[in-house]
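The two complexes that follow have subunit A in common; it is paired with subunit B in the first and with subunit C in the second.
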Partner chain A sequence: MQILINIILTSFLYFIIIISFTNIYTPSHFFSLTHAAVITFGAYFTYMLTAQAHAPLWLAIPGAIILATAVGVSTELCIYKPLRKRGATPLIMLIASLGLYVVLQNLISMLWGDDTKSIRTWEVKVGNEFFGAYITDVQIIIIAVSLTLFVLCLLFLHYSRLGKQIQAVSSNEELANIFGINSDRVILLSFAIGSALGSIAGILVSLDTDMTPTMGFKLLLYGIVAMIIGGVGSYWGLLGGALLLATAQHLSAYYIDSKWMDAVAYIILILFLIWKPLGFSGRRLKKVEI
Partner chain B sequence: MKTIKLLSIILITAFLFTSCEQCSNKRDEGVIKIGVILPLTGPVAEPGNNALNGIKVAVEQFNRKNARKIVLIIEDSKSNSKDGVSAINKLIEVDKTKIIIGDIMSSVFLACAPIAEKNKVVLISPGASNPKVRDAGDYIFRDYLSDDFDGQVMANYLFKSLNKKNVCIIAVNNDYGIGVENTFTSNFVALGGEVSLRVKYEQGQIDFKSILIKIRNAKPEVLYIVGNPVENGNIVKQMKEMNISIPITGNLSFENEEFIKVAKGSFDSIIFSAPYFDLKVDNDLVKSFVKDYLFMIKKEPDIAASLGYDVTQILIVTIQNSKFDLSNVKDKLYRIKNFRGVTGNTSINSKGDVLKDVYIKKISGNGDIYIVKLFSIN
Partner chain C sequence: MEYILHLLILIGIYAILAQSLTLVAGYTGMVSLAHAGFYGIGAYTAALLSVNFQVPFLLVIPIAMLFSGVIALAVSVIALRTVEDYFIICTLGIQVIIFSLMNNWMELTNGPLGIPGIPDLTIFGYKFSDKIPFLLLTFSIAGIIFYIIKNITSSNFGLLLKAISEDEIFTQSLGKNVYRTKVMTFVFGAMIASIPGILYAHYITYIDPTSFTVDESIFILSIVIIGGIRSLWGSVFAAAFLILLPEGLRFIGLPEDVAANLRQILYGTILVAVMFKYSKGFVANSKKT
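After this line comes the complex of A and B, so read on.
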């Protein structure tokens, strides 16, 4: 039972990261690795506002989300948009985003130091018992928040005007422009939504297990693996990808050794790339580059 | 015309440099040069700087009393082997030092050791704990206990003093973790105990819940954790959250602010082994060190500072024993027995490795640390 709870918890965590990342990936068609820094910024801004500026948590969390979103949006405005205008390929954008990630991560190290920071002020206590397993309050919040975000994103993408525009730009940017959709605006907005979701993920993780300047990158890598397993294009496929990855990792840690968790994740990735490159959902995208 | 001007400038500069070197050489006569390589920047900068402070205090105390002065030539290893190697090359080639106080990081120290050995330069570390240092060469010494010693001490303490027969081990998957784990296991099994489960985790791992389920199912009497402070903190915290109440033991990494920051209030007490270090002891040597350190550095010394101080004291004693003949220092270092330092009794064995006193300590949930027992080298 405890394993089951751990798997569910991890997969929901991965899941928020995937939906935040696909939000950026689908319209812009490149792997924005700076997203890892945005996740980390979410956590560190919360730390800044609570521990350093002494704001209450309910105020600090929205504040941190806004600040981290601003970071994400400004990367799009200052770096990616000019690059796109000059006809940069997704590979160039990927490398640019990697460089930018390194800069931002070092900025975090410089501002707050490399040691572990914690926004936890409450006492560590035994979790709530649930059929013989234990789950803490924060972990329940993580699951609840991800479920809510999942439903909201589904509704948003399928029923709102902007959601449909994002889908249009994802499938064919030029055609969308012809139909009068401003693709730059759509990409900017999807960056904003993705960054906000990413920073929420970062904050949730830091509430559960504290923060370090490199926390975002590892989370994002798992997110990307789960995204490829799940297949871009359907949220249900992505949920499946997150569940599969989390299950494989936890079972390998339990039955083999926890040093194999990463290896198992990447073995699954390679297997999927060979036999099912489009992932679970198997939907073909118009453009799948990199 | 221009070329002549340029040439003359180069010539004059070259002349100035060479003449300067000559005059400085002349001035250096009678001065004992000791090279220092420590991580003054980078992730290990804090203990590096503290060790340097300890070294400075020892040198200051010596220079105050003696006509012949010690001069420190300080180089920054920047917490990595590449810069450490450049530093030792510079100290040997340019500064011609015969004695170097070497890095506190095992990786940097082991990278520097072959260079010191080749040039017949004494290299002594105030902090390198890797077991490989023992066989690194004739000229290579340290004033810090080898990692595997921790495992040996704890195995004996758990079996003999606490009468525990069944242990599980969680170790970090690197040289250090595996080394301690293996020594602990072989010692504990030799005594007649059982190690029912050994699990490893990756550095930087955050989620230990799967490991902890395994530990819970193995039902050991006691858990031995060899890891890094932050990971230890997360393990202990998640044990509390999962309501696992197996007594925890470990090593020095529990005496650390980072560990307390993560795990505060999530445990009753943890027993661990740590190098001898007690500034409250009633002892003139310790008192004079603390007094001078507070005066010079304006803060309390920690263990890194005390080790830096002790290493320098050991060198000073050896230099005096060898009548200031620096080529003799290596042989005299092997004869250091029962040296009384701030960090306890110290002897150097025939391998250039050190034997020191060890404490068994206890840390309580709010971060207070108590001494439980002293394991003396005698």
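After this line comes the complex of A and C, so read on.
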């Protein structure tokens, strides 16, 4: 039972990261690795506001989300938009984002140090008992928040004007421009939404466990693996991807050893790339087959 | 003086790594983030063979190359089903798996504790224990590899590689086996990358998994890209530049940990700046010159 709760918890956590990342990935069509830094910034800004500026948590969390979103938006404005205007391919954008990620991550290390930090000021207590397993308050919050965000995203993408514009830009940027949609504005907004969601994920992780400057990269890579497994384009597929990855990782941690969790994630990715390169929702993700 | 020799040896080692990646990423267009993994495989093979079985250096080289090549073959058959940005993510995954094996397979690799006491490099009874002979050895190996890769890239096969990186479908329509060529090049690059690993293991005499992380792969890729992705001499100069740069920072008098972060920030910034130069794609840029 405990393992089931852990699986559900991890998959919801991965799921927020995936939706935050696909929000950026689908309109801009490249793997923005700086998103990992945005996730980490979410956690560290919360740390800065609570532990260093002594703000209450209810004020610090929105503040941290705004600051981290500002980081995400400024990467788009200062680096990605000029690169896109010069006609950069997704590969070039990916390498640029890798360089930018290295810069941001080391900035975090310089500002706050490499050691593990925590924003938990409250005492660690035994969680609530639930069918013979334990779940802490924070973990209940994680599940509630991610479910809410999932529903909001689904509604937003399908029913709001902006959501439809994002979908239009995702499927064909040029055509969307012809129809009078300002694709730069749409991509900027999706960066803002994605970064806000990503920083929320970072804050939730830091509330549940601790934070290190490289936490975002690890989480984002799991998110990317789950995204490729699930297949871009369907939220249900992505949820399935997150569930599958979390299940495999927890089972391997339970039956083999938790140190192999990284390797298991990538072995699953490779297996999927061999037999089901489009993810199990079957939507087109891969480039032209050669 | 000792310190300058140390830096020169490191430059030699990274120049070999960068040259092999230049062939893979620059000429054939397979931008790989798994290179530190193959470098690590070379280092671990050398360490395990020479510590446990006292295998001589000249025999270690072919064994390590073979081993690295077999793993690269298995890996590339899978990874090369993807292209461009998916290929990078895939190689990143392979890098993480290789690192995870080095870090967690306690019985074989001794995990995070690493392998100490690797003996000095010996060829026909001559010990390369001093820095100067080791430097000469490193540079001559780098020279041989430079010569081989130079010859490959200027041959017909090199033309085929360039054609693949520019237009795969067109190359295939000319009757060339694109997939097989890519696998061959990737395997060859990985085999070459194991040689600097062997040198590193014998030189430092102690290895642990932290020398072969994703960051190391990013560093090797940065050398290649900053050197002009298709330029063999460029990658040698870029290796020298990127290794000497932090030493310059140290002379300014920055504390050790800040200097380490600042060094990475500099790599990152240079990488982003170079991407602006290459924004039309690596190939379009090389056509102009």
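Here, the second predicted complex is superposed on the first by the 284 of 290 C-alpha atoms of A that agree within 3 Å, B and C clash if a C-alpha of one lies under 4 Å from a C-alpha of the other, contacts with A are read in each partner's own complex, and residues count from 1 in each chain.
Following the convention adopted for this analysis, a contact is a pair of C-beta atoms (placed from the backbone, for glycine too) under 8 Å apart; a residue touches a chain by one contact, two chains touch by 3 or more.
Keep in mind it's a predicted model, so treat the numbers as computed, not measured.
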item	value
Partner chain in contact with A:Asp184 - subunit B first, subunit C second, else both or neither	neither
Of subunit C and subunit B, partner touching more subunit A residues	C
Touching partner for A:Ile79 - first (subunit B), second (subunit C), both, neither	second
Contacts of A:Gly87 with subunit B and subunit C, given as first, second, both or neither	second
Partner chain in contact with A:Thr10 - subunit B first, subunit C second, else both or neither	first
Subunit B versus subunit C as contact partner of A:His250, first or second or both or neither	first
Which superposed partner A:Ser258 touches (first subunit B, second subunit C, both, neither)	first
Contacts on subunit A seen with subunit B and repeated with subunit C across the two complexes	114, 257, 259, 262
In the complex, subunit A residues that touch subunit B	2-3, 6, 10, 114-116, 118, 123-127, 129, 134, 136, 209-210, 212, 214-215, 218, 250, 253-254, 257-259, 261-262
Partner subunit C, residues of subunit A touching it in the complex	30-31, 79, 82-83, 86-96, 98-103, 105-107, 109-110, 114, 221, 224-225, 228, 257, 259-260, 262-263, 265-267, 269-270, 273-274, 277, 286-288, 290
Contact footprint of subunit A on subunit C as seen in their complex	31, 78-79, 81-86, 88-90, 92-94, 96-97, 100-101, 103-104, 168-169, 172, 178-179, 215, 218, 221-222, 225, 257-258, 261-262, 264-265, 267-272, 275-276, 278-282
Residue ranges of subunit B in contact with subunit A within the complex	43, 173, 199-202, 204-211, 213-214, 230, 233-234, 237, 240-243, 258, 261-266
